[in-house]
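The first chain written gets the first letter, and so on, giving A, B, C and D; residue counts start at 1 in each chain.
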Amino acid sequence: MVKDGIKIATIGGGSSYTPELVEGLIKRYDELPVRELWLVDIEEGKEKLEIVGNLARRMVKKANVPMEIHLTLDRKEALKGADFVTTQLRVGLLDARIKDERIPLKYGMIGQETNGAGGFFKALRTIPVLLEIAEEMEQLCPDAWLINFTNPAGMVTEALLKYSKHKKVIGVCNVPINMKITIAKLLNIPVDQLHLTFAGLNHLSFVMDVFVDGKSRLSEVIELITDPERQINMKNITPLPWEKDFIKALGIIPSPYLRYYYKTKEILEKELEEFKKGKTRAEIVKELEKNLFELYKDPNLDVKPPQLEKRGGAYYSDVACNLIASLYNDKRDIQTLNVRNDGAISNLPNDVVVEVNCLVTKQGPIPLAVGELPTPVYGLVQQIKSYEITAIDAAVTGSYEKALLALCINPLITNDVDAKNILDEMLEAHKTYLPQFFKNEKG
Amino acid sequence: MVKDGIKIATIGGGSSYTPELVEGLIKRYDELPVRELWLVDIEEGKEKLEIVGNLARRMVKKANVPMEIHLTLDRKEALKGADFVTTQLRVGLLDARIKDERIPLKYGMIGQETNGAGGFFKALRTIPVLLEIAEEMEQLCPDAWLINFTNPAGMVTEALLKYSKHKKVIGVCNVPINMKITIAKLLNIPVDQLHLTFAGLNHLSFVMDVFVDGKSRLSEVIELITDPERQINMKNITPLPWEKDFIKALGIIPSPYLRYYYKTKEILEKELEEFKKGKTRAEIVKELEKNLFELYKDPNLDVKPPQLEKRGGAYYSDVACNLIASLYNDKRDIQTLNVRNDGAISNLPNDVVVEVNCLVTKQGPIPLAVGELPTPVYGLVQQIKSYEITAIDAAVTGSYEKALLALCINPLITNDVDAKNILDEMLEAHKTYLPQFFKNEKG
Amino acid sequence: MVKDGIKIATIGGGSSYTPELVEGLIKRYDELPVRELWLVDIEEGKEKLEIVGNLARRMVKKANVPMEIHLTLDRKEALKGADFVTTQLRVGLLDARIKDERIPLKYGMIGQETNGAGGFFKALRTIPVLLEIAEEMEQLCPDAWLINFTNPAGMVTEALLKYSKHKKVIGVCNVPINMKITIAKLLNIPVDQLHLTFAGLNHLSFVMDVFVDGKSRLSEVIELITDPERQINMKNITPLPWEKDFIKALGIIPSPYLRYYYKTKEILEKELEEFKKGKTRAEIVKELEKNLFELYKDPNLDVKPPQLEKRGGAYYSDVACNLIASLYNDKRDIQTLNVRNDGAISNLPNDVVVEVNCLVTKQGPIPLAVGELPTPVYGLVQQIKSYEITAIDAAVTGSYEKALLALCINPLITNDVDAKNILDEMLEAHKTYLPQFFKNEKG
Amino acid sequence: MVKDGIKIATIGGGSSYTPELVEGLIKRYDELPVRELWLVDIEEGKEKLEIVGNLARRMVKKANVPMEIHLTLDRKEALKGADFVTTQLRVGLLDARIKDERIPLKYGMIGQETNGAGGFFKALRTIPVLLEIAEEMEQLCPDAWLINFTNPAGMVTEALLKYSKHKKVIGVCNVPINMKITIAKLLNIPVDQLHLTFAGLNHLSFVMDVFVDGKSRLSEVIELITDPERQINMKNITPLPWEKDFIKALGIIPSPYLRYYYKTKEILEKELEEFKKGKTRAEIVKELEKNLFELYKDPNLDVKPPQLEKRGGAYYSDVACNLIASLYNDKRDIQTLNVRNDGAISNLPNDVVVEVNCLVTKQGPIPLAVGELPTPVYGLVQQIKSYEITAIDAAVTGSYEKALLALCINPLITNDVDAKNILDEMLEAHKTYLPQFFKNEKG
């Protein structure tokens, strides 16, 4: 801890999301006195870092809070003595994401940032970098919490908890808070009167029950969200309506991402259309980002611009800042996080990462026990967890065989021969970011 | 038991497979003195029953064994006092199978006798009939073993073990013996020198290890079977070669049926071609059967005709007769059967049915412990088991919601909206055979 | 709910503990507006009910809160429309407890209110009465929470959750709060700055970790409590010091009750001494109670007398009132309760009752996940749980065989022959209160 | 393998049991052509080795089989190229066992060779020696099976499977075969017509069911063995009759060793009597052995003398020779062995050693799935397994704390303070054989 205040290091500080984070910290300054915010980025991101960093400084100045904004390319300097480290980096930037999305589609398979082959490649690129950061933290700030935003957030968190010495790691995602806010709106009640029982994996979670004032209102909410006009969705997912009878039979509320598994055929058709038009999500986001950075450059801008919300990361800042504030203040409130299971979902192993409600204490988040996932969803969750375990293994070892295996057992990659073709093309395309797969090659 | 010998009742006795069974019993007469074989069928199958029954009589006469062939439409008469009951019936006959295959394909989903929507509908039609038979057995022959051939054999067996009082039930399938014979041939050794460790579910099983003379030869066999010229296959599955690197990464040997899950896209393309030509597997089999019955009518035919082998049920007779002989004689040999798990696969619940090696004793089969299924296949197996549990529930209760749920969580049905359309069209098409779903309708 | 306030029914309202409860409700009136407190007892307890009830009325009057005290022998009248029901009854009163303690000691076995043969008989007498109450609640106040104090609290709660339709049941005990207060004192910090991770069963629990300001201070506390002068204890347990090296090896903090299992020989010797002197705990308590009721009669007494604290139930009132206040106000604070496991302790089944930290919400307590109990204590916990399951079964069915079995597998009853003798003598001694075991006898 | 035949190395070859083994090998020479039997012992056992070795040579000569008997003090010479290694050594000889029995009794705790404190010390002495042997085998005969007779056989086997690279290890015990022979006699049928379902741990096992000709005769056998005149027992256990109603309530058949847990008080009283008389089991056995070796010296003796049977190890030879013969000949028969669980008992972890029926194949024993241990016995089994895991850990690491912990959680050591005293006295008494606990001491 720095003198009379908190030090936060944000890896990937040049991200277009940073103004969100800064706004969140400013808002909470009374309970969360952040004295130093270090924005770290790499050489390629230097320009963006400057733009975003300067905006941050203007925001802090306007808000009149004594928070110092440090910009650096030296990660170790930033980590040293930090109390909290947040990671929002994107290895390979949006260009890599474009490849993640387009190459699978070439072979007729879903290409998406966190699911299927795209998400797999994002994991391969990201996990080694995060392991490196965790190792540095163990040296430079062993008591600090690592709060990971980088997708696929569940897999990255599991990789860290399994393979890093630094165990103070929590994965966060804005899907649960988005679902909560949407449901509160549908029920026309304040968010803090709503208790949702979450269970599952990151981007594969379910609301098992909905409580308001001690009573379950689950069936009412199921009725509401299966109305095509009122579905729960995220900016980056095509809003295809659920088959109402299916959701009623399921009896719980799937996260919007479950469309990838329960509406695979429709999603794939949509994506193939976008693919042909050169308008995959990554391509759209790249355009959005370009415009955002133009805005950020404006020396008169000293608040978070409203256009940022289109970007897709709504409430990311709230998720992160709430978590940090609760850890710091031992708030013991409930947040939905990616943590070691430890029995919370009793039909998954203890040592895997799950996305569940946790009580956030100063000593860390404690998952709330859910009991068993119901049979109909348990199978899918276990299948994805098997894939995740295999994929993490591939990311850490750089084994070609394990990588192929992970792809073949992923239910969104529906053919072993195509899996190999995608793997080979992707490995080549992302070669720079996948040194673990090329370590035996000669220069 | 009938006086000085065994009584067997075969439900669906008019099947084209019956000559196989009769041949098997004749061959084993010394150790398995079957005094009475009762072939039972329903009114619609009467003609076939006569044809097959007469052939059976000629076979017995030629073999000169004192086995009486009884033909009847009265199931209870056949069950009374039986020692073994075998079920090889097909509710709705091949015309129903044609629908099972063609309707899903209309919606772009795999149509197959045991997997996907087709297998689901076969289960819905079959399970109630088998439960009825088991109930009658509990009254008329409580000590008899029910040996179920009818597909989907694993699900039917699980339904019986969970919902019937009669617990002496074993499911059989000819896939394991086919794999064993093929591998023995590839290794150029006699079948009885080969020990395969099987684990999984019916039509979703794996050979975990291959032992010859106490040594594992697994990697050698993996090398062999990934040679497209030497793959392990069944008559009714398109022989698409495995991606070699995938199988090596998997490190165990998938049953030929695993193509439905690891080569879904290729299989679907082939099936759609056949669909357009009006040549789905059921349509081909119907043609084959017609020809077989023409042959069977020949009063000079008094042995099993070689043409039967094309039909697809190779070694079915051996599977059934070996099982009956081992139960009867307390042989304590190893057979691969569908039984209650009881920990044999330690990461599946005790009360589900699995396909594993069993020691066959007079008191029944005892599964051999396998330990855990490896992570990469465990996910898929658990997903299918979740589907199976839900599907069995739908078959027993006749719940429309559960039926839809089962379809939507099946990985071969890749869209909730299509699932509902398939369900609705199928329920209508098979209405006669699905009374449990229409019990509240007025005549 | 009664008009503008809460209705509480307390079964066994004539207990000497009642003034504690009344004091607790008075203190919390602002957040917990109890408009009606119904004290219920049976005919034999009528006199005590009057004495205690009148004291309660004087207390309420002095405190000047608008809480009505109702006294009744009609349980149904009390239950009707209640919001919370607390049970602190003692079937057979202290005379039964004296038998529970003395009869086992006659045979050289530990006699204790909640452990061993004594606790077993208390369970046999209590469980059927509680099941009856739960059934009445399902009719008369289906939304009310049943908060059970009656020992053995864990077993009674498990019996209710398994065999009653009314599932809103929570078991409470004052051991966790006593441990917490003692540890806070040892560390010289306020109680609310202390976070203890509890896990185990009622009267068989462990503090797995001790957190202050986010840091573990477990080893420091272990050092402190193994100092014979500073051990953690309860009024009713002989304060035998732990073998220091053993507790350090164990690495976690056992509840004082664990002495029954880790110091069996010493405890038994002490108890046999008391037995000879006619001074078992129940005999002492009977004397204490007599004196308490003399005090209670004093018409000038209008507060809880300090002598009550010797009775042994320190903080019982806080436990109960805190729980009710948190349920009522959706406080979402942490309390250590007896609830359905649901994976909180991942190496125990989901459907057993455990004593763990819970988050108390308006919809009920949610257990916090602990992960696995460590190997060295897991064995004992599982052994006691096996006994508890068997004992509950005996209590519900009235099966002599199951009762004998439960005794023989209890580790404090160290001989099958003695077990039978104890069982036979006890059944006769408590015949009036064990109708389930004599249902086939003629009058 | 030696030229045209088998090489067996027997560690502890100077044991009085060796003539049993030799007789067994002679009897089975046709199916098990042992060309070389190497009897290995240590310097202190040299004289006994000579005596027993010469008797073995006379036996072989009389039987006229071409088996060479080699005597050696050089273990590595014996292990080199062996096909099977059997271990029947006793670290510290019978004098150590006398201490194992007498020291705990001094403190009022059961002293026994395999249970309680005595068994624990035997484990501490034995496990490191066996680990050394396994390590040598990995170098000198990596394909050989290690067949361990040395008690506590279950714990030793688990220690080897967990901590040694050499995984071809099987633990054997003569309790199951003794139970089988006794039950066959009680039912008046040949042993090979009897099928017993065994489950549990070594010296803590149960017969779950009894089948003859496919029918359960369990209740009949329970009736028989609770007749005090017909109980199942072993030479070294006081034949205290079971409380009949208890065994009927248990519903399965406990091994004779279960008396230590279900009749602790009676057993302890008996042992304390023997202790006072200087007639503990070890003291009696020492006397028996002395007499046996006198007999063995007789140059005219060329068969196993009948007096050996009093020694207690009835059928040990059959157990070992049957196992070796089945492994060698791929017999695939059922034997009750100590092996890795792998789900066979589904409510115990996969990686612990259990005593269950196995199918013995050339590639090793495969456990038969049992399902769950019933609740009433599960608790005790889990408690002992927790102790065993902790004790093995202590034996391997030489940790004083873990050793104390193991003793304190053993249900036969009923006081933590006594546990420490016993530990301290025992460590001193066996110091020579427990180098792992004294490694930091200076000479």
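As a convention for this text, a residue touches a chain if its C-beta (ideal position, glycine included) is under 8 Å from a C-beta of that chain, and two chains touch if they have at least 3 such contacts.
Just so it is clear, the structure is predicted and the values come from calculations on it, not from any experiment.
*Asks:* What whole-number Å value describes the gap between the mean CA coordinates of chain A and chain C?
*Replies:* 45
*Asks:* Could you please state the distance in Å, as a whole number, between where the Cα atoms of chain A are centred and where those of chain D are centred?
*Replies:* Centres of chain A and chain D (C-alpha means) sit 56 Å apart.
*Asks:* Got the chain A residues that touch at least 2 other chains?
*Replies:* Touching at least two other chains: none.
*Asks:* Work through the pairs of chains, note which ones touch, and then classify the graph as line, ring, star, complete or other.
*Replies:* Topology of the interface graph: a ring, with each chain touching two neighbours.
*Asks:* Which of the chains are touching one another, listed as pairs?
*Replies:* A-B, A-C, B-D, C-D
*Asks:* Under the touch definition given earlier, write down the residues of chain B that touch chain A in their complex.
*Replies:* Residue list for chain B touching chain A: 108, 242-243, 245-246, 248-250, 262-266, 375-380, 382-387, 389-390, 400-402, 404-405, 408-409, 411, 414-420.
*Asks:* Could you list, by residue number, the parts of chain C that touch chain A in their complex?
*Replies:* Contacts found on chain C: 195, 211, 213-216, 330, 332-334, 341-346, 350, 357, 359, 361-364, 366-372.
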